[in-house]
Amino acid sequence: MRALGTIAVILTGALLLYASGDFPAWGEPYSPANDSRVSRHYILKSFEETSVPNMVTAVLADYRSYDTLFETVVIFTAGIAIISILRGPVDKRVRLRRASEKSLRQSNLILAQTCRLLVPVIQMFALYVIAHGHHSPGGGFQGGVIFGASLILVALSFQLQTALDRISEKRAMILAGIGVLIYSGIGLTCVLLGSNFLDYSVLSKVLPLSAIEARSYGILGVETGVAFTVTAIMFAIYANLSSHGRMKGGL
Amino acid sequence: METVVSSKPLLATLVSLLVVGPIILSRRRPNLRESWTFLAGFIKLGIVLSMLPIILEGGVIEWTLWEILPGLALAFRVDGLGMLFALVASTLWIVTSLYSIGYMRRMKEHSQTRFFAFFAVALSATLGVAFSANLLTMYLFYEMLSLSTYPLVTHHQDREARAGGRTYLTYLLGTSVAFALPAMIYTYMKSGGSMEFVSGGFLAGSVSGGEATVLLILFVFGFAKAGVMPFHSWLPAAMVAPTPVSALLHAVAVVKVGVFCVLRVITGVFGVDFLASLGAATVIVWLASITVLAASLLALTQDNLKRRLAFSTISQLSYIVLGAAMLSESALTGSIMHIAMHAMGKITLFFCAGAIFVATGKKYVSEMDGIGWRMPFTMFAYLLGALSIIGLPPFGGAWSKWFLFLGSVETHNIYLTLVLAISSLLNIAYLLPVAVRAFYVPPGKGNTKIDLHEAPTACVIPLTLTAFGCLALFLFPEILLSLARLMGEPS
Amino acid sequence: MVDQYPAIVLLAPFFAAIAVSLLGNWKSGFCLPLTVLSLVISLMSSIALLGQVAESGEVVYLLGGWPRPYGIEFRVDPLNGLLLVVICTIALLSSIYSIRAAAVETPDKCPQFYTLYLLLVTGLLGMSMTGDAFNLYVLVEVASLTSYALIAMRSKRAVLASFNYIIMGTIGASFYLLGVGYLYMKTGSLNMVDIREVLLESGLYTSETILVAFMMIMVGVWIKMAFFPLHGWLPNAYSYAPSTASCVLAPLVTKVTVYVMIRMMFTVFGPEYVFVYLGWSDVVVWMAIVAILAGSILALAQTDLKKMLSYLIVAEVGYMVGGVWLANETALVGAIYHVISDAFMTLCLFLAAGAIITKTGKYCIKDMEGLFRKMPWTMVGFVIAALSMIGIPPTCGFFSKWYLINGGIEAGNWGYVAALLISSLINAILFFRVIEVAYFKKESTDSDKEETVSGSSGVGEPPLTMLGPLLVTAVCLLLIGIFNQEIVILIRQAVSSFGPLGFIG
Amino acid sequence: MIWQFNLIILGFLIMAAIMSLKVTDLLSASMIFGIYSFLMCLLWAAMGAVDVAFTEAAVGAGASTVFLVATVYSTKRKSSD
Amino acid sequence: MILVDFIVSRFNYWIYIILMMMGLFAMIAKKNLIKKLIGMSIFQTAIILFFVSIGVKEGSTIPILAHEAAHDPAHQQAAPLTEKGEGHIQNGKGRDALRAEDYANPLPHVLMLTAIVVGVATLGVGLAVVQKLHQEFGSIEEPEILAKIDSDDG
């Protein structure tokens, strides 16, 4: 395998180095990619067309929202894939019990208290990131991951069961499905309102908004959907990976 | 030359295919099942006969199903050659069906339903080849025939059948994919997208001499059912089949499909005149001559009667190929007639071999001493068949031999005449001793005690019929002759 | 409604996947009806879409209403129109087949299985419709992730096969992504049609970056389609996967990737770049020849039925790559026709193999004695597929071979013609080995006999839900063969829109 | 954007990548991989790709590392290479 | 100096190539499955680095409209899209407001957000498969697993 790896690496590397001589200089503002009409359009017109100052969000959730839909689906798929891979035949005897307060007390006091303090703050911040994605870096993904991280933190500093009591794996998967459903449902609404899939501007027919504002709100809607899915799946993946898919014990 | 558009060729082909369903459905009631076979056989013969007058008047019947490749349709076309072949095949099917009922029931063979069903499919394929209007249609039915006969050849499903079946399919399928298919595609490209058989050939003028030689060799080897050496060994291997299969398929349908395809390629694809101008057929002439002699010599060494007949068939098939490759009018007429004559003679011989096996359980020539007087009908029929194959008057084989000799003289090739003469002598040497032993050698010790009697009536009737058929073909060859002549005439 | 067909084709299985994942946990009885219903809707609208395309040419569907090149678009021409119908049909047939098999092979995972299944179909449909190079990557990943999971659902060896697939698949997809990056760097666009326009306008043919982009994309898709010698992941993955999964993976994934290759070569780079400027077609065709021969010979060495079929896929990929790279219209038409016919052939073979394995529990070819007697209809399906693989008319395999050989002769590449013929012969040997074993009875000792007596009580025809799809597929093989003219006319329509295919031949 | 700064981070990046692949203790490898992700995120932030950097910080340095650690805990810590 | 300029303008690309090759080598040659997956992640992040490098513009800022630009009413009106190279939009007050050169190219960023997510999804599935393999074979070293499979067969 080493020989094979070396050959592959040398061949590919040589090929890539060969092409790098032809690259535009690094940071060149007028390189073909940076000066293309697509890129210029996004920079110059996206605010006008979507009223979202963060161009990345505008492109992500509107111009290329179909990509992002499937990005969400990728995450969703990963969650289901991991569950289906790790889940053995269901053991009917094990009933999931609520972790008693005892288990909470058992864990390290400093850790527990710090976690108690931190988690609400993290979650608030996550919501802020989701909601403020229009104006600052962030959006559904980042916020979702952060929110998921807060749940993982609970599972880490107490026990997995503690976190599962808050949100069981089944509920997490339902939440994830709902997230994808929100996203694609908004898209489908656009179809039902007589336009193409994910064309948020037609939402102005039902909302008291102009077409451009409708796009902005459409983006907010899909970002929420993304956040739901990412939160749920991040937690579900962690829960499965840390417990061999048995939902007991944890790290 | 008038052209009639009619669906009759299609119907004639399909009728036996359609009967497969009823055969399978009535598998629990053998009598009903066999009556389906007969019904289809007579309908088929009726349709074929109804087309005969038009063909005899020099007309052709055409029917196009649909275009299957650009410029290539699944199409049927009946002319003299096809008519002759179809006539032989459909007549003999009825006779063989009768014979197989007797044979199969007496031998208490298993899976008789499968047997009759695939037999019907094989007949459809045979008629399909006979009536096909272009190379592609012909190839389609050719492959269908190879595949549908596999379960028949391996009917016994034992170790021997397995080995035989393996050889059978390897040769037939392998050569057709490896040689015939590329040759066909190359032909398709060279001819500019046409593959319709026309007398005079559609390739005339569009290929060079070397290409034509290579293509011709590819076709002759590709249609390995013609049994030209070195691709002949499937035929002896196929003798593991029950005798009715050997009789109809390996004396009539399958092998004749092979030579029929070769004839079609020579007359319809290249054209006799074109080949003659290129001299491309010389290789085939020599290949066929070698096969004629070598197979005859091999036949001498066989003790198993069916295998001996198989080698005889290989040698006789090469007569037909040889006759076509000589590229003279008489030889072509002779070789086309030989399709019918040999079919009638050889099927008689196989019927006899089967009847002997049914009645006595004997397979080997050396065991057949003295059985002649116990089974007089069978052995007398054998004698008639053998004489017809050898080519003595007053039997049908005499006509075809005559025309072949005439053709060889026309080509001014003394060697060919010699080949034909020597092989006729060899025919005598390997066919007649069986009859001689049966009638003149007293039975050995082991045989005296066995209660010998004739085979079942259902077996004896067909073989008597075909034996007299040989005689009849000598007396009334006009129809066959005129059908064969239709092909020899330039259009 | 009419202009929404592309969306409906994709969204039906997509929404069904979400619905299955939401409702399946509650009541697993919902899974199958939803799956079948959505695939029927998808199939019907894909047929309608194909009709629309055949009538009025290319259909463009702008997602989000953003015009090219700012948004993402679906572009449906006769080529992927046909592919959509094929994908939907095959997915539908194998979903019906999965009713019983899934319950046996992946118990307790019904909702997950069907969700993944539908997402896989969604991914494949998306891959064939999209007109955006990066979006293609995302959908490739959707299809790949679902495949990894579907393969790993069974235990032991399947899991290792799945891991190797993850590694190889990621390398392939990443190479593709890198190639798209290189293209983007030079053209500034991601839309396939737009990229080609920029390539032509800016005269980028001589650029090393574009060359490397092309090579990266090709190597990426070759890994994904298991083009020899990059095929390492495929045989184990497909042969150890649950039969329900392999029934949809084996026919579709490699074929859709071949479509991606065709799309990349002809729509993005353009034949004038690939064939005229680069002129590598000979090299790749020779690689394809090696692939065909190696795949066939490796298949010959297998004793496990599904593994043998998997190696045959490797050989068939060689057919298609060779056909595409022969650089003439006949061969390209043949290759595309072979994509369609091979999808059905593979489906038929895997359905038959799956039925045999679920009913008898035997994997080895030599254990399959007497199957014709026990399950005659299954074997009828198998035989028809085998005949098609060998290339006997009037099955579709004959016609695809016809066009491919025709193209090979036209290009004067005799090696390719010979390889096709040799592989046909090897296929004949392979399949008759199986058929022979199944046709003949066991020549056995007494102990074996007892075993068969005790074992044969449960062995009979598979249930109708398995047999039905198998026989329908077998009939499809014949229909595709008989009506190849109609299909080829559509393909030619697509091929002619690619422009002249170079000056070879 | 200062290229010297860039160069330094890239140097660290390569070091982190080599170490995470070389270390035989998988837990350390996971942690070093977290560092690698974090450096990457720093680099992207410096390049102006704030959204990407943000995501990488959350996903790469956060979630991925946790997943890796979780797997290392439930399988084996020692690697043969 | 030319050489230095050349290196400065290229070294980012070279380093991405080095990182990528390290990842690729680890994916193929490492025996430990988790190491393979770490290699895979390095491989993917290297590609992301490359994409992000494409979008960098010297002297530009992050692709978020400055606050005053966003709330400038002039931008609400439809302005004709300017041609290449002269990316100035004149607002009513005659002040330069929006220039394409001022903002980093947002498109690679968008693409890479997706790629990161795909990467973590693949990593997650990969890790799950590794855990499953550990359950089945009790090992996460490829040679050991292969040996176990062979002994199962034999």
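Lettered A, B, C, D and E in written order, each chain numbered from 1.
Keep this in mind: a residue touches a chain if its C-beta (ideal position, glycine included) is under 8 Å from a C-beta of that chain, and two chains touch if they have at least 3 such contacts.
Just so it is clear, the structure is predicted and the values come from calculations on it, not from any experiment.
Peer 1: Can you list every chain that touches chain B and also touches chain D?
Peer 2: none
Peer 1: Tally the contacting C-beta pairs at the D-E interface and at the C-E interface, and name the larger one.
Peer 2: The comparison resolves to D-E.
Peer 1: Quick one: point me to the chain whose Cα centre is farthest from that of chain C.
Peer 2: Measuring from the centre of chain C, the most distant chain centre belongs to B.
Peer 1: Using only Cα atoms to place each chain's centre, name the chain farthest from chain D.
Peer 2: Relative to chain D, the chain whose C-alpha centre sits farthest away is B.
Peer 1: Report the most central chain, judged by the distance from each chain's C-alpha mean to the global C-alpha mean.
Peer 2: When every chain is reduced to its C-alpha mean, the one closest to the whole-protein mean is C.
Peer 1: Using mean C-alpha positions as chain centres, tell me how far chain A is from chain D in Å, no decimals.
Peer 2: That gives a centre separation of 20 Å.
Peer 1: Would you kindly tell me how far, in whole Å, the mean C-alpha position of chain C lies from that of chain A?
Peer 2: Measuring from centre to centre gives 31 Å for this pair.
Peer 1: Can you compute the centre-to-centre distance for chain C and chain D, using the mean CA position of each chain? Integer Å is fine.
Peer 2: For chain C versus chain D, the centre distance works out to 37 Å.
Peer 1: Compute the distance, rounded to whole Å, between the mean C-alpha positions of chain A and chain E.
Peer 2: 16
Peer 1: Please set out, as single numbers or ranges, the residues of chain E touching at least two other chains.
Peer 2: 8, 11-12, 24, 27-28, 31, 53-60, 62-64, 107-109, 111, 113-114, 117-118, 120-122, 124-125, 127-132
Peer 1: Spell out, as numbers or ranges, the residues of chain D touching 2 or more other chains.
Peer 2: Touching at least two other chains: 1, 50-51, 55, 59, 63, 67, 70-71, 74.
Peer 1: What parts of chain A, by residue number, touch at least two of the other chains?
Peer 2: In chain A, residues 16, 21, 23, 27, 31, 33-35, 37-39, 41-42, 54, 56, 60, 64, 67, 71, 74, 77-78, 81-82, 85, 137, 141, 237, 241, 244 touch at least two other chains, as defined above.
Peer 1: With touch defined as at the top, which chains are paired up in contact here?
Peer 2: Going through each pair of chains, those in contact are A-C, A-D, A-E, B-C, C-E, D-E.
Peer 1: Please give the residue numbers of chain D that touch chain A in the complex, ascending.
Peer 2: Contact set of chain D toward chain A: 1, 50-51, 53-55, 58-59, 62-63, 66-67, 69-71, 73-74.
Peer 1: Once bound in the complex, which stretches of chain A touch chain C?
Peer 2: Touch list, chain A to chain C: 15-16, 18-19, 21-24, 31-39, 41-42, 62-67, 70-71, 73-74, 76-78, 80-85, 87, 89-90, 170, 173-174, 176-178, 180-181, 184, 188, 191, 195-201.
Peer 1: Under the stated contact criterion, what part of chain A meets chain D in this complex?
Peer 2: Within the complex, chain A contacts chain D at residues 27, 54, 56-57, 60, 137-139, 141-142, 145-146, 148-149, 152, 156, 234, 237-238, 241-244, 251.
Peer 1: Which positions of chain A touch chain E when the two form their complex?
Peer 2: 1-2, 4-6, 8-9, 12-13, 16-17, 20-21, 23, 25-31, 33-35, 37-48, 53-56, 58-60, 64, 67-68, 71, 74-75, 77-78, 81-82, 85-86, 135-137, 141, 237, 240-241, 244-245
Peer 1: Contact residues on chain E for chain A in the complex?
Peer 2: For chain E paired with chain A, touching residues are 8-14, 17, 20-21, 24-25, 27-29, 31, 53-60, 62-65, 67, 69-70, 75-76, 78-79, 81-82, 84-85, 87, 89, 98, 100-101, 103, 105-111, 113-114, 117-118, 120-122, 124-125, 127-129, 131-132, 135.
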